[in-house]
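Structure record follows, encoded as structure tokens.
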Amino acid sequence: MNSNFAMMNNYLTYKSKPGILSWLLSTDHKRIGLLYLVSMVVFFWVAVTLGFLMKLEMLTPGKTIVDAQTYNTLFTLHGMIMIFLFIIPGIPAVFGNFFLPIQIGAHDVAFPRLNLLSWYLYIIGGLFAIVSLFLQGGPIDTGWTFYVPYSIRTTTNVILPLLGAFILGFSSILTGINFITTVHRLRAPGMTFFRMPLFVWALYATAWIQVVATPVVGITIVMVIVERVFHVGIFDPALGGDPILFQHLFWIYSHPAVYIMILPAMGVVSEIIPTFARRTIFGYKVIAFSSLSIALIGYFVWAHHMFTSGMSDTSRMVFSLLTFLVAVPSGVKVFNWVATLYKGSIELRAPLIYVMMFIFLFSIGGLTGLVLGSLSTDIHVTDTYFVVAHFHYVMFGGTAIILFAGLHYWFPKMFGKMYNEKVAIWATPLIFIGFNMLYFTMFILGYLGMPRRYWSYLPEYQTLHIISTVGSWILVAGLVLMFGNLIHALLKGKPAETNPWGGVTLEWTVPSPPPVENFEKIPVVENGPYDFSTINGETNGKN
Amino acid sequence: MEKIELREPISANQTNDLAVNQVAETHHHKDEVGAKIGMWLFLFTELLLFGGLFLLYMAYRLQYTNDFIIAGQELNLVMGTVNTIILLTSSLTMALSIAAIQRGKKNLSILFLISTILFALAFLVIKYFEWTEKFHHGIAPNAPELLSKPNGEIIFFGMYYSMTGLHALHVVIGLIVLSFMLFFLLRNRINENDYIKLENSGLYWHLVDLIWIFLFPLFYLIH
Amino acid sequence: MWQAATDYAKSVDNVMLYIIAISVTLLLIVTVAMIYFVVKYQRKKHPVAKQIEGNKVLEVVWILVPVALVLSMFFYSYDVFKIGRKVPPNAITVKVQAKMWAWKFTYENGKTTDTLFIPLGRPIKFLITSVDVNHSFYIPAFRIKEDAVPGRENYMVVEPKEIGSFDIACAEYCGLNHSLMYSKAYVVPENEFSQWLNGEVDDNFLRKYVASHTGGYKDYLTGSYAILFAKGCVQCHSLDERKSIGPSFEALGRGIANVSFMGRDTSINIDKNYIRESILYPDLHIVRGYEKIRMPYSTNLLKEEELSYIVDLLYTNFVKSKQ
Amino acid sequence: MEQGQKPHLITYGTYVLVWLSLISLTLLTVTISGVDYGRIALFIALVIAFVKSVLVVSYFMHIKFDEAIFKFFILVALVTLASIFILTSTDIFFR
């Protein structure tokens, strides 16, 4: 690589416009990725604080620190921010924006200006939600699921946050459109579909869900607003509306949305494991197709959130069956990842440790998903802490942990700095122990019959709640250590090499940090994405 | 790691199906197929947006079959039919406008585009009269007169106002987009060699038409 | 806590065990293999990786085996589920009506209660609805739950197999006092049940009956405190000094309450009238240090004689005994 | 439209023909709606609407002459739409 070209055009230092504007008006996909990263971390921090407060409240039955109304707004905001502002944009908006074009050998995404618009919509949507906190009526208290008729009856500020969610949906759709088009149009010569890195495959599948699922929740949200303002009777049972239809429409989006959250994370895992095992991924095509089939089947299972809603028994049966089937492709991925470690040459570095933690925690989360997909058991544990435990395992133990893994994997590339790996590794046991104390207890609580969204509870649940709360403190310690380490590296880190881990996908061929247009000349691709044969020497490896 | 070499760009037939033979210099070149893909994806989101409402319609029509039939009689079939024809015709002129610019006939294209815009306006005007007439008869959301009717009829009009309202909103947006296109045409920003903008606006306009094709029988032709 | 008071509940526990057993096995296989490989093939010991691109047989196996496993789970679980949906011909019907934030049960002869009384060994069909927002009728000990949706009547079936009292909770978020929307289900023998239904015995008789058959923490239930449990009072007001959502009953013994009365701080003598007013109009005097929240089990939930009974009970046992 | 390749042009006449068919179909469906076909009336109206939309998509939106990828895309969108309808039906038709 021509180092002159790189030195002059590093995307971080490049100045196209005066001051901060060269960031806020930049259409460079890498800068937009960083804009997302910064804003997301801020929102995440807010939501995490809310979660932390909720756990404090749960220390004792009855009032501990806040009253019931405040608690209700706490979990609503916690859920909304985590879902709409943190985990759904999450990996696609940050790593997808940053690495998708580089990994397929392109200069940028297909519609760079649209990309920037997505970010602005994201910020506007977030602001809507935040502004509503300070208006007359108080913060929204419906839970992140906005079930009618409560959401059309409550006197809190519902309309503004709903509008915010709508706008965020728009932002997500635009990102999806951008990624699909980019994958179809901007692959480098020789980069066939089956030479794309699996992260790209995952993003591609995700983008399709974003495009075809998000509009449905968009219209649902709009209808709730219309219902509140004009009382048209679409959902309001007092006028003949059917609240269960709302739940259908809501979950038609919101179930696929959980795969919007997890698929990109699975893509990142498929990148990290081969790099540290120095070998090609086991069953490339199967993994690629499992991403597509998760996206596809994931579209057919939404009503497993409604097993007790009063929908028809036929429906319950069909959706339970389909739910079980959607678990299979995820299982295939897990098995393939583990098989990729077989006979590898494994270097246990920080990103890989996070990935191992992910495999364990996500498997627990996913396997308890089977308990929820099963009709008779779900009826008992639905809307209890069992569900709360399930989704924290998959969302936090799954996606968020991989977000951390991805940060540690790509940090040197993104910022050209290296962090202290020892500290990064030391944070993991804290996170692991804290996490399991915090959330595993919730499985037990749930099976014992402790419903969710409860501000107060029966005294017999207290011991478990205390363990859980203490777990949240340990977890916080671990996360602070981890983030602190990265922030320290940002300020004081040693310069990073072009390819610190020995990865073979395209991003490791460009300098750290990458130049403005990524490649001086678009590369020509002649191999599959995880071809380590040259690194290992000619004679070894391939069978 | 040397597996990926930097070479001179290779010829297009070495690339796969749709990947553009993309090199640094052509980076800023317009990718028309790409733009069209983007537009179609956007149309799908619109389709699913309305899809949600159609789903609601299906459920409620099943639940309140008779009320729907009674309420459906109140809509003005003549106005509905005229509006359908207007919208279909506007689609024709839209297509013709693109056909004209493809052949380099700028003035003809402008003429057709203007007629599309006029048809769109006509559609909205008729819609306006239809709605206000209903309002005068007390059939408006939350109006006491409507609320005194059976639940099924309230829902029918709820669906009617939401769906035709959302559709009308799309007509308005289309109107704005088409006006911009007219401006671009006049300024030669859209021309024989570069008319993808007009094509994409056309796609959007046809989608609006398409939605109406279904709304029409579902609301006006109930018996 | 861990009660399974119907055959159905026991079957659900078995399904749970079945799924968990398979899950734990798979989890162990995955985790052990992962750690084993990471240790065994670490770069120091195994510097050159073998490039294995896949193995058709293995991949087919780990698609088909999970498919088989999940299908078995599905059928097992669905079988059990069907039991809970079948309405036996000899079932009696109880209507359940939810509203913010209380339950109302209506029996076949029109009698209504806020605590549920059901006969042992008879299948009961609950018809569940709501008058305002969504709620969910949840009895953990029976492993059943069904949403109460306004404008609809959902159903579920229970066949209690154990005498006892079981918590009823609301499991669908319904606003401010969602977490306080508890009630109790008392399972009594059919004989006692029909006596009660015909008005020959009263609620307290059944409560005592249940308490005498179960014992333990339900000691209270044998005594006159039973009603405080039945009506859910103790959810928020403890019988000892423990501070809970509302002031503890024990605190009544001080004879004087420091309250905020119509926005002004004053002290007030505790007498029967004060107690009665506090139940009927919870917002009237707010004891200092507590929040003003709407007490769910107040006004329309207590019949006049129940109210007098509770007032007497509290006055005699907490206020007078301390004087 | 790869570089250098001329786009497929549809003649004015074709467009007008398509438009004429659309108008006739509209008039047809309005006329039919006057006749009482009972339960299948809705079905007939929807079939006509479907035919109309196929005409619009194929010609006005010239999908008929576009790359295969676009047809595939439309298929994806339609399958999605169909599946949410069918799966929701398992509830609303069996209540």
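Note that the chains are named A, B, C and D in the order they appear, and that numbering of residues resets to 1 at the start of each chain.
The rule is simple: contacts are C-beta pairs under 8 Å (C-beta built on N, C-alpha and C of every residue); 3 or more make two chains touch, one makes a residue touch a chain.
Not measured: the values here are computed from a predicted model.
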Central chain (distance from its CA mean to the mean of all protein CA atoms): A
Whole-Å gap between the CA centroids of subunit C and subunit D: 53
Separation of mean Cα positions, subunit D and subunit A [Å, integer]: 37
For subunit A paired with subunit C, centre-to-centre distance based on mean C-alpha positions, whole Å: 34
Shared interface positions of subunit B, touching two or more other chains: 18, 33, 37, 41, 44, 47-48, 51, 55, 59, 63
Touching two or more other chains - residue numbers and ranges from subunit D: 69, 76-77, 80, 84, 88, 92-93
Residues of subunit A touching at least two other chains: 184, 212, 216, 240-242, 244, 248, 252, 313
Each pair of chains that touches, named by its two labels: A-B, A-C, A-D, B-D
Contact footprint of subunit D on subunit A as seen in their complex: 184, 208, 212, 216, 244, 248, 252, 299-300, 302-303, 311-315, 318-319
Residues of subunit B touching subunit A in the complex: 1-10, 14-16, 18-24, 27, 31, 33-34, 37-38, 41-42, 44-53, 55-56, 59-60, 63-64, 141-142, 147, 150-152, 154-155, 157-159, 161-162, 166
Footprint of subunit D on subunit B - complex, ascending: 12, 17-18, 32-33, 36-37, 40-41, 44, 47-48, 51, 54-55, 58-59, 62-63, 77, 81, 84-85, 88-89, 91-92, 94-96, 99, 102-103, 202-203, 206, 209-210, 213-214, 216-218, 221-223
Subunit C residues within the subunit A interface of the complex: 1-2, 11-12, 15-16, 19-20, 23, 26-27, 30-31, 33-35, 37-38, 41-43, 46-55, 58-59, 62-63, 66-67, 70-71, 73-74, 77-78, 80-81, 84-85, 132-134, 136, 138, 140-141, 143-147, 149-152, 154, 167, 169-180, 182, 235-236, 243-245, 291, 293
Parts of subunit D lying in touch with subunit A, wherever the complex brings them together: 69, 76-77, 80, 83-84, 87-88, 90-95
